[in-house]
Every structure is written in structure tokens, then in C-alpha cells.
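In what follows, a single structure is set out as C-alpha cells and then discussed.
Just so it is clear, A, B and C label the chains in written order, and each chain counts residues from 1 on its own.
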Amino acid sequence: MSELAGRSAAELAALLAGGEVSAREVTQAHLGRIRATDERVGAFLRVLDADALAHADDIDRRRAAGEALGPLAGVPLALKDILCTKGVETTCASKILETFRPPYDATVVRRLRDADVVVLGKTNMDEFAMGSSTENSAFQRTANPWDLGRVPGGSSGGSSAAVAAFQAPLAIGTDTGGSIRQPAAFCGVVGVKPTYGLVSRYGLIAFASSLDQVGPFARTVTDAALLLGAIAGHDPLDSTSIPEAAPDVVGGLERGVEGLRVGVVREFMAEGMDPGVRARVDEALSRLEKLGATLVDVSLPNAGYGIAAYYLIAPSEASSNLSRYDGVRYGLRVPGETTEEMMARTRDAGFGPEVKRRIMIGTYALSAGYYDAYYAQAQRVRTLIIRDFDQAYAQCDVLVGPTTPSTAFGFGDKTDDPLAMYLNDVYTVPSNLAGAPAMSLPVGLDEQGLPVGLQIMAPILGEAVMLRAARALEADLAFDPAPRGTNALEGVQA
Amino acid sequence: MALSTDDVRHVAKLARLALSDDEVEGLRSQLSDILAYAEQVSAAATGDVPPTSHAYPLANVFREDVPRPSLSPQEAISTAPEAEDGRFRVPKIVGAE
Amino acid sequence: MSTDVATRYEAVIGLEVHVELNTATKMFCSCAIDFGGEPNVRTCPVCLGMPGSLPVVNREAVAAAITLGLALGCAIAPSSQFHRKNYFYPDMPKDYQISQYDVPICLGGSLTVATAEGERRIGITRVHMEEDTGKSLHVGTSGRIHGADYSLVDYNRAGIPLLEVVSEPDVRTAEEARAYLTELRAIVLALGISDARLEEGSMRCDANVSLRPVGREAFGTRVEVKNMNSVRSLGRAIEYEIARQADLLDSGEAVVQETRHWNEDAGTTSTLRAKEEAFDYRYFPDPDLLEVAPAPAWVDEIRARLPELPAAARERLAGLGLPPERAATVVAAGLAAKLDEAVAAGAAAPEAANWLANEITGWCAERGADPSAAPIGGADLAELTGLVADGTLSTKLAREVLLAVLDGEGSPRAVVAERGLEQISDTGELERIVDAVIAEQADAAQRVRDGNDKAIGALVGAVMKATQGKANPALVNDLLRARLHA
């Protein structure tokens, strides 16, 4: 039975639909895997055993009664603790929301429930999604299942680790500057950041409103596509939600890359990558060519300004989004003689150092006298980057490059230097700035046995071609997502 | 951009963060470094380029003026750190508007 | 302004008026708007500023903004944006207010007001949309914020749509300010977008007041004055503030740029904020909201639906024979439609207007009711004026009949019949009574004969008394004169 935890979502869905296994058995298998491993991995802030089993039982009952159920019914999932779950603590891994129980569900959560996906629990993250290692969580550390002494990446480290550890076949994360793709690369799993506006942000606790997107983690491209299909689509509660119908991301997955023009981003392939990353990326590009794709050299001349622009825009929006955490209506309150004092003490006690740093940067960048040189200028750079992408896509169908400059680093390696931590995002932020879809696909291991991710990017609403390219490469690579190595988590017992 | 301690304190006040002296000093150097890096944006050839607020160009996203059920007052208050008579209770407010 | 001050200083006044809309739902969420309920019964994750909540614009609020903008002669911006105005305050659920900053929905317009010196055109800089805040109850000895022990916050009002109308600093006197606010209110009422009650806060006015020496172009230091809850308060506050600033300038002191609070009871303004902390609102375009680019066809449709505005109504009513002041009163009371009904039913406009402006408005005021909702139809009003015109009723009796009609006793004719109030115009009957009175009041009668015409008043009064007020007073006068000067 525990072997069920080794299966993909598609496989589980087929077993469930065929009546070969019950939703309860599937859920129990995964809860068991969590119990056996999470003390070392630390992916989950909260495991929702009772709720998950209750939902599973309900699914089994309805299936037995002949009710037609959706394609993912009974498949378990780990949910980043940044999405509001009604009546269940939603903390953003922050002390300031440690006891916050939202009186409502995020739209994504509602859609998952309606699809009868079984939520196993809420996963760890960098506080308020600010970070690239999940070390900024106020509550616990999450370890990379490939090497328990290394970070899983961030900010969606918990979700990524949960999938890599086979605790769940599916997980939901969020990506603002790379927070799905980078942990996916570090953990050897598939992570997708959809087109901005494709997945509803209602109920997603905001970090940077014009950049945040919810997206799937999985161990296979097909699973990621299935999950994306379940959550994508217009939401009238989110003004920035794309009105058109979501593209079919599952239908054309197996079409291959014959004739596909694959743009290789010159600026991303320049120095800065670790040799192990470089080697796997080059190999992946060769494979694409062999599979029938044409490689095209393209330039994103302004991509180099991406981090600078991102670290002005994101903190600025965040500084405003996080103002509401003032101890008045919900969350932590530290007493004070006056409301002003209460607010200031609450925020000082409730926010960790990285969050404070970003609030300060953002407040400064927006403040009188600095707005034009900082925030407005960063938004102009954003326009340049969008135009760069437009020009690149005139010559190719998808863009590729490394997801991250290095593989997973050790705990504490980068915590002393915030700027060094920020530079992890150099390849990922341009897509967030452009609002375009991007994903990470595991393409091998470096010389240390750590996973390397290839980033595949596509034009706005180009998820189908992006996933199709990933699927073709994945099939050719046959990468084994089971963590292995001297310090890796043990595998699922058959 | 090198920030002074006063700059940091001023920004902290705007952001309602009660920083300790150590925090102020630490932030002063970190923020200076980060902002110095971020200033690179001024080197970009932006010329007449307009700023982008939204990557996906939508306009006129409206909602019809039709009421939907509100939260019950119990639900609304359920998250309050302190409540009294169905209202959110806060300490005395000094900076009047 | 005292004439002395006026010769030395010119007051430069700008007015900011907030109008609370009467849409069915809030600006950015679908909570219903109703008043007078328990606290926090009309709230949701959005208007409580809960983590993860998002705003969605109320189409009707945008329509109201366009409507008001067009009525004020503004240009409707082809593209406008919402900005976030960031500041911390417990009645602000998100600790930022969604408002509009440098790209508002309406730009440039004007409002013409009538003053004793004639008409003045007051420019309007802009009209923009924003959301209202929650309400705080300050608990302590005075109920005021200073000296309170703690506060309690209710978010029912948070998120209600507001339109802010900002005038150019064209207002020069308290009188003009009052006229501006009155006219703006009349326009808002005519448009039906708000109930615009100053005392209740569905319309709020702040004033920016500065003085400059007569002849100088540069503006003086400006002071913001808040908390005027009526047109009269606005006028008094401005007068006080002008005098206060003049005193300061006269004694060589500088006016401090600050926000002051008008104290109605004391009749003074006092400092609200100890030091003018120039608020750094850190405005930036709200990334959760998209541009508002009203289609020209929509704007045209709204323009076509604009009702008759007060200025046009006043002109039209004057054309019906009303003196301009009377026309203004009728329109200001929201009674133009009723007058139109009465005229359509055959009433003479000036007479009907008199009843509307005087007795009917007064009756409503006593009951705290809106004059435009007075319980008398145009047809009944026409009937009443007709009964006076044809001599059936004296004006005095007509007044009595009107009150009865307002109280719901029926149509004027029905009341007259019920109470037997037909005016006595039968010359024969009156002649008998006149003779009787002349006989009784011999002294007064003699005085009239001797040329003291005023003495006739007592005789007329006696005849009216003898007839329980039902005699036609004009006829009584004629008959008395005829008898006495025969």
C-alpha cells in the first residue's frame, strides 16, 4: 500500500477511476509517507489528516453511488500555506499570521475541492513568499530530499520538497520572482509558473500583486498539466484574471518538438552558471535538436536589469500589501499604549528580517522624491523587457536556458548576504516581469548528484507549446525523480 | 545610494516598524547595498518608454451593482485580536485624521 | 470678511467635497449598503482587508462618476487609473485607500453660483472615485478622539463608493462657498446619485483657506479646515478662519500650514494635528485594478440620460413667470418637478411656486421630511391655486386647506366641502355684515371717512371675524370703502 506514494497523479487517477484502489487508501499511503519522513524533511507546517480522510471517504462514497467524478478525484496534494483555507490556519510562515484562520477559501482552494483533489496539508515557505531557500520561514526548516543538509529552494520550498519526497504527487506553490521554478530545479521536480492572470489570485495572500502567480508542482509534466488544467480559468473575484477561456494544456502534450524553434537566450548562457548546471543544460539543448527542434540564438538585451527592476517593483508592492498586518483585525497583536505603538510593535515582532528589509526597500522606493527614479523607472525597464520578449518570440516558439545559476546550496550559505540570495533569481524574474509563462524541468544531476533544472519559457498564454516541449524532452531524458545520494531521503518502500 | 540612520528611521516610521537601534544599523548598510544595486535601472535606455503596471493589458473590468451575502458579524469579528460589542477594539488613537 | 480685512487681504478658498454614492453595493465588493444596522454586518473579506482579498470595481459607481462629471462640465478621461494612497489608520482596512491620483476620471469643469454681487464661475479641477473608510467610536469621557481611552471600529462604511469633487481655489468669500456647496448638493440630488445629507455625512465638505495681500499673485499659506456639517457651518468656519489668519498676518506672524478642526459650539477652528506631518502617501497605481477607459458610446448614453440640472430648471421656471429668487428656492428644495405637474394641471406657476416655497417646504421642514416627497400631487396643487383664483377661498383659508391636504384629508375640493370653507363672495350677504360692522365700529368708520385709510384694517378684520374668515377680503375692502366714502 505504501507503494501508492510512489505513483504519479495520472497513475493514481487511473487506479481510482478504475476502482482498483480507494481514495482512503491513497490518502492513507501518503499520510503514512509524511509521518515517516517529514521530521527530516519539514515540508509541512500542518498536516490535515482528519479533513483529508473525511474528504477521501466522501469521494469513495460518491464514486460508489455512481456519481461522475473529475479526472483528479482522490489524488492528494500539498498546499503552500499562502492560500486561504477556510477555518484552517493560513500563516504564510509568519508569526504575524500564526493564528489566522480565514473565514473564506481562496478560489484555487475551492476549485481543488470541487475537483475532489485531497489536500493533505499546508506546506512551509519563506515568510510572505520572500526568499529563495525557505530559510526565512518563522517556524521551521525544510530540507531538500536530495540532500537533507541543503535547502529545497524558495519560497515554495515546502511544496517542492513534498513532491520530491513522494509525500504527495501534486503540490501548489506560488511564483513571484522564481519561487516555483527555482525550488523545482533544486528538488528535481517539475514546476510551472503560468501566464499572469491565468490562475486566480483571490485568496492568495499577496506579496507583489503584479507578479504573483499560483502554479503546480509535480514529478511529471503530464501531472503538472493536469493540475494546471484544474485550477486555471477566469475568476470574476480577481480583476486581473484573464477573461478568455484557459488554453487546453493537456490535449497537445504528446505532439513532440519536430519543427519547433527553440530560442536559446544568449544572456542566460553567458557566464554565471556552475559548470554542472552548464553541462546538463547543454545536453538538454542537444537532445532537443535531436528530437527535431531548431535551436535559435536570441537575445534579451535588458534581461540583465531584471533583478534590479524586480527588487524595486516587488518590494514596493509588498510594502503596501503588507500594511494591513497592523494587529487590528486579525493575526498577532502586541499591546501598546496607543494604536500607533501597538501597530509598530506588532509589526516589528511579527515580521522576520527579510520581510522587514523588503518593506523598507519598498517604502523607500515609493516615497516622495524617489518614486520616479526607482519605482517608475523600474516599470519602464519592465516595458523594455516585455519588448525584448516580443522580439525574441518573433523568431522562436519557446525560449530555454538554465533555471538557476547553481544547484541547491547548504543551509546558511547565503543568509548573510541578501543580495547574493537575490541573484538566485536572475534567470527567473524576467518572466514574472513580462507576465509570461515559464517552467522548470529536471534535466539531470550535477557532479555532486544534485538536480539541475532547465527553464522553458513561452509567450503569454503559450502554456501548451511550453508543456509540449517539456514533455518531449522529459520522455527522452527519462529522469528518475527519486532522490538518491549519501545524504538523500530514503525512497518509497515498495 | 547610501542611506543615513535618519533615512532609515524615517522610512521605518512610514512603514510602522518599531526597529531597535541594532536593527536600524543593520538595515542601513543592507538597504544601502540593495538600493545601490537596484539603481542600475537608471542605466537602462528607457527614453520615452512608458511604465508598465500590468503585463496583460485589460481594461474596464467591472462588476454589476448587485448585492451578495456579507459575512455574518460573528465571522467578521472572528479573527479580531480584541473585540467589544461587535466592533474591533484598538488602543487610543493619537494621530487623528 | 470684515470690510477692513477685505481691503487688505484677498481670501483664496478651495473646496473639497466628498459625495457618498447610493449604489446598491460598495465600491470594490458586493456587500450591500444599508445604514443603521448593527456593526460589522455588511462586511466581507474584501472590505475588511483580509489577506488575499481583491477589489473589483462597481460599474454603477463609475457611471455615477461620469454622470457627475458631465453635469459639472468636466471632460471624461479616456483612460484613468486607480492609485493606492498609503497611510496607517485603524479605520482603513488595508491601511491604504484605493483612490485616484494623477489620472482621475473627470477633469476640468465648473459650477456657476449666484451671490449678492452677481454670478461667479467656480472652476472644478477634478472629480475622482475612491472608497470610504470604516467608522471609529472613541470610548472615554468626551466621546471625542482626544482623551479617549480606546476606540472601537465598525467597517460597515468601509468601501462605500465616494466621489471627490475638488474645486479650483476660485472661491473668495464665505457666501460664495455656501452658494457653491448648496448648488453642488442640488446637482447631486437632481442626478439621484446620493442623498447628499451634510449632517449625516453622505456629503462632506472640507475647505482650504489662505489669504494674500490684495494685489499679490502668489498664494499665501493654506490651512485645511474640516468638520463643517452644514452649509451654515461652512460659512461660519470660513469667516472665522479668514479673520484668524488676517490677525496673524497683521501682527507679523506666519500662518502655519496645518489641518484645523471646526468646533461648531465654540465657533472656532483649532489645530487637529500638532505638527503638519506632511503625509507621504507613496501613491502608486494599484496593481490589482485595471485602467478605466469608458467607451464613448457609454459616456454618450449617460449624457443623454442626464436629468434637467438646477441651473437649467431655474432658467426654465423663471421663463414661466417666477421671479429668479423664487425659481431658485423651488429648485433648491427639489420641487421643480412638482411645480411642473401643477402647471401641467392648469395652475399658474407663480402662485403654485409660492405655496411650494413657503407652506409646503415649511410643513416638510417641521417633520424633517424631504420637500420633494411632500404628500401633495401637482393636480391637487393646481386645484388649490384654482380655488383661490376663482374666489372660492381666501389666501388665509387656502392655507388651512393646504395643511389639511398635506395631512391626508383628501383633495382641496373635498376639504373645502367637508369643512364648509367656501369663501363668501355673495355681495348681498357681505353688504349686510359690512353695514353691521360699520355700525358697531363707529369710531373706526369715522376715521376712515375723515381720510385715515389705515383704520380700515380694523373694520376688515371685524368682517373677516364675523364670517369666520370666509369673506373675500378684497371684496370686503371694496364694499367698506364704497360704504364709507359714499
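The definition used in the following text is that a residue touches a chain if its C-beta (ideal position, glycine included) is under 8 Å from a C-beta of that chain, and two chains touch if they have at least 3 such contacts.
Keep in mind that what you see is a predicted model, and the values were worked out from it rather than measured.
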{"item": "Overall pattern in which the protein chains touch one another (line/ring/star/complete/other)", "value": "complete"}
{"item": "Selected pair, greater C-beta contact count between A-C and A-B", "value": "A-B"}
{"item": "Chain at the geometric heart of the assembly (C-alpha centres)", "value": "B"}
{"item": "Approximate Å spacing (C-alpha centroids) for the pair chain B, chain C", "value": "39"}
{"item": "Inter-centroid spacing, chain B versus chain A (mean Cα positions, whole Å)", "value": "24"}
{"item": "Inter-chain centre distance, chain A versus chain C - centres from mean C-alpha coordinates, in Å", "value": "57"}
{"item": "Touching two or more other chains - residues of chain A", "value": "100, 102-104, 210, 236, 239-240, 319, 323, 326, 328-330, 339-340, 343, 363, 367"}
{"item": "For chain C, residues contacting two or more additional chains", "value": "45, 48, 50, 56-57, 88, 90, 151, 153, 280, 282, 287, 289-290"}
{"item": "Touching two or more other chains - residue numbers and ranges from chain B", "value": "14, 16, 53-54, 58, 61, 63, 71, 76, 79, 88, 90-93, 95"}
{"item": "Chain C contact footprint on chain A (complex, rising order)", "value": "83-84, 90, 92, 97, 100, 102-104, 106, 201-206, 208-210, 236-240, 316-317, 319-320, 323-326, 328-330, 339-340, 343, 363, 366-368, 371, 375"}
{"item": "Of chain C, residues touching chain A in the complex", "value": "45, 48-57, 84, 86, 88, 90, 93-96, 151, 153, 280, 282-284, 287-290"}
{"item": "Partner chain B, residues of chain A touching it in the complex", "value": "100-104, 195-197, 210, 236, 239-240, 242-243, 302, 305, 307-309, 311-312, 319, 323, 326-333, 335-345, 347-348, 351, 356-357, 359-361, 363-365, 367, 373-374, 376-384, 386, 418-419, 422, 433-436, 460"}
{"item": "Residues of chain C touching chain B in the complex", "value": "23-25, 30-32, 38-45, 48, 50, 56-62, 79, 81, 88-90, 136-138, 140, 145-146, 148-155, 272-273, 277, 280, 282, 285, 287, 289-295"}
{"item": "Chain B to chain C touching residues, read off their complex", "value": "14, 16, 53-54, 58-68, 70-73, 76-77, 79, 84-93, 95-97"}
